[in-house]
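These are the structures in question, set out in turn.
Both of the next two complexes hold chain A, though its partner changes from chain B to chain C.
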Partner chain A sequence: MAKRVIIVDDSRAVVATAELALDGLIQSGVIEFKSYLNPLELLNALENGSENFDLLISDVNMPEMNGLDLSRSIKSDERYKNKPIIILTTESSEQMKMTGKEIGVTGWMVKPFNDEKLVKSIKMILGV
Partner chain B sequence: MKELRLLIVDDVEDNRLVLHAICRKIDALQIQEATDGLEAIEKTVNWHPHIILMDVMMPNLDGFEASKVIKQKFPDTIIMIITAVVDPQMEVNMASIGVNAYLHKPIDKELVRFKLQNFAALVRSKEGDYTQLSSKKTLNPFCNDVRHYKIIFDIVDSEGMMDFGVWLLTRCEHNPMMRCSKVDLVVELFYALMQQVLKEYNILSIIIEESFEEIFLTMQLPHAISLKPTLAIIVEDLQHQCVVQANIVCVRLFLQTPSTTPSYEAVSEPLSPVIEVSSIPENGKGDEEIVILSEEKTTRHIDATEKELLRQSFVAKTPALEYVNDIGGDVLDEIRDLESLDNEWSERLAILESEPSLENIKSFVDGVLGVYVRAINNLFEFTALAYALSSLGAFMKGDAETIIEDASKMKVLVMLTEHLGSDLRAWRQHIFELQDATDIHYLDSSFFSSCMQIEQIIGNQNIDSDHDSDMEFF
Partner chain C sequence: MQENTLQSRRERYLTFFLGEEQYGIAIDKIKEIIAMMKVTNVPKTPSYIRGVINLRGSIIPVVDTRLRFGMENRDEDMHTAIVIVEVDRVNIGFIVDRVEEVASIDTANLSEPPKFGSQIDSDFICAMAQIGENVVMLLDVLKLFEADELVSLEQIQKIN
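And now, the complex of A and B:
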């Protein structure tokens, strides 16, 4: 069964480039891909149970809500606390990574990302 | 590196002081000042500055008239106008006489520095300042048969020293075939030399050349240097691995043990093809110096300026509401006017996809991206956005032939660029219309990163910024 991968990023360009990078996994049915431009929308969908995921890829700087705050909220929900979240951002400060680690995110990758390394990491996390 | 001459022209002493302070941090610049247009012409005639920073409103002779005279007599002199006057007609007039850039006050030091560095690179490329770095001529005294690319570290401070040190150690770690029992000595030697030289001069360069079997680290000093006794001992210890000649110190590191028969096949891990993007032009050819050594994906390294823009962090978050209240006026109108470009953005892209041609690429780059860049530049706050759009435009023009020939590439490029347009529309809304963004810089780095990502996809490159591109697992 395809693993559900969600990306949340306010930038359509980032979403599109990530989708292109993951195209092989999507086309082969290994993953299904869904994107959200607004983190609040995703949070709402997760809270009311209309959305679920096997892996969440989140940006940090978004106008409506910071990706680390989003991750914190998701991780505080029993239903999602063990689900992997990776942060895909241009931010690379150690302090921010430390916050991510404390929240319980699985990994941190800086943009611009290397397609092959992103795919490899995702496959490793999902065990596919 | 050859020193360039920079003339600062402004009748207000405080402005000259600010510009002087900004420019002083740029390497290898000689700076003089003039207080009005007449003095600017006189100094240009006598001193031949490469670049002039020119105010407009000045007594005796204003910046426009002075620029006209200077451009007529010395068309290669680069003139950058820095003015408090917001006058689109003046901007057009300045462009018509050949002024190279037009910036508004208050002075955005990063933007001035960024533009200056670009212009300085341009001047140096025109003057063939880097001909000694031609791939046909090697710097190292050991071997003439080196690969067709070089990595260059222009080091001005301890951070640059660190960058070089990290690069060297990483290179050694990542190449199990590299055999140099004396890497520690090499690091010690180079660090001591860098410290010594930077105390006396502002800059030094380290150039890395590679053959199939060896790496050559050549430190080029401004002048011949006498080695301290401790360093002389290290050089002696390195024996045939190190040569000190006049203002050159060169060390060779073996990619495999010198006792084995050197052959390319013996190297289990061929070196990755590298594109040197640190804008060191060669023989005035600018970007054409990029040499791709493989049919496979090439590695796109992120240079220092790009890294700075990508990783820039704004400690104090400025809410959009506060920012817009502060700027107001004509600049704001100009940004709001960009709304009229939204349709054009999509239309010209659609034309480009249906009729791929150099002309249509130029029409989009100059007629849409260019207008955006000018408007964003006038805001001063969003250097990364302007830089990103300029880079993307340069990439599209530079790779035009390849893109035009490949319909699938064109389709992806158009699709991604359309998304960039949406991102900019959303950015305008969040910052200038709804004013609901808690941080006006929420998009900057991400947008720049997307533009690089597009270059990666269309240019068939792999992006690599040292270890930054690896996922860090917690």
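And now, the complex of A and C:
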């Protein structure tokens, strides 16, 4: 069954870039791809059970909610606490990495990300 | 999502806005989307060539898409992006107002381009598609250039 990959980023350009990079995996049915521009919308959908994921890719700086706070909320939910989360960021400070580690995020990716690296990481994390 | 029928197939397009109008380019031609960056002017090029960018060591000519389409100039903002497209083996950047999404379009729902009414010359448009409530004009990027212009773009890359 296709693994569900969700990206949350307030930039449509970043979402489209990720979707283009993952097109091979999407077209071959290895993954399903869904995007959210608003982290609160994703959080609501996850809370009410209308959404689910096998891997979440989240931006950090979003107007409605910070990606690390979003990850913390998701990870505190029993249903999602073991699900992998990759954080997308323009700069990864040590402080941010500490916070990420404490929350339990799986990895970091610095924007603009390398397409091949993104695909490789996703394949590795999902075991596909 | 509707089931595919035998007669139609789904093709994927990157869509973007120029002003109020939405355009699409087939994703197999798209190399990359980047945020607007410094464009260096190059003399003796067609007027709609804004200049070149240096993208990780590659020199890429950048088209002022608004100018090419005869639209009025507009100030850049945080949404302004450069879509890098492969046109006849040459990578060319197109400045767009705002990237929208990657959309799957059912080829059964394509229609002929209009002969008038669009802001741009309909020669560039290979088909029209409906996505939700929006009409998207699918571009034939090769037709945006004359053959000799593509050669000159290749020259720009080599010289730089």
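Here is the rule we go by: the second predicted complex is superposed on the first by the 128 of 128 C-alpha atoms of A that agree within 3 Å, B and C clash if a C-alpha of one lies under 4 Å from a C-alpha of the other, contacts with A are read in each partner's own complex, and residues count from 1 in each chain.
Keep this in mind: a contact is a pair of C-beta atoms (placed from the backbone, for glycine too) under 8 Å apart; a residue touches a chain by one contact, two chains touch by 3 or more.
Note that this is a predicted model, so its numbers are computed, not measured.
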Next on the checklist: What does the overlay on chain A give for chain B and chain C, a clash or a fit?
Outcome noted: clash
Next on the checklist: Just checking: does A:G100 make contact with chain B only, chain C only, both, or neither of them? Give me first, second, both or neither.
Outcome noted: first
Next on the checklist: On the A-aligned overlay, A:P112 touches which partner chain: chain B = first, chain C = second, or both, or neither?
Outcome noted: both
Checklist entry - On chain A, which partner's contacts cover more residues, chain B's or chain C's? => result B
Item to check | Contacts of A:P84 with chain B and chain C, given as first, second, both or neither | outcome: neither
Checklist entry - So, A:S121: does it touch chain B (first), chain C (second), both, or neither? => result first
Next on the checklist: With both complexes overlaid on chain A, does A:G67 touch chain B (first), chain C (second), both or neither?
Outcome noted: neither
Checklist entry - Touching A:P39, do we find chain B (first), chain C (second), both, or neither? => result neither
Checklist entry - Is A:E19 touching the first partner chain B, the second partner chain C, both, or neither of them? => result second
Checklist entry - Which of the stretches 6-14, 42-50, 258-266 or 384-392 of chain B runs into chain C once the two complexes are superposed on chain A? => result 384-392
Checklist entry - chain A residues touched by both chain B and chain C? => result 12-13, 15-17, 20, 112, 115
Checklist outcome for this item: Contacts from chain A onto chain B in the complex sit at residues 9-17, 20, 59, 61-63, 86, 89-93, 97, 100-101, 105-118, 121
Checklist entry - Within the complex, which stretch of chain C touches chain A? => result 12, 14, 27, 30, 32-35, 79, 81, 98-102
Checklist outcome for this item: The residues of chain A that touch chain C in their complex are 12-13, 15-17, 19-20, 23, 27, 112, 115
Checklist entry - Of all residues in chain B, which touch chain A in the complex? => result 302, 310-311, 313, 412, 415-416, 419-420, 422-423, 426, 430, 436-439, 441-443, 445-450, 452-454, 456-457, 462-465, 468-474
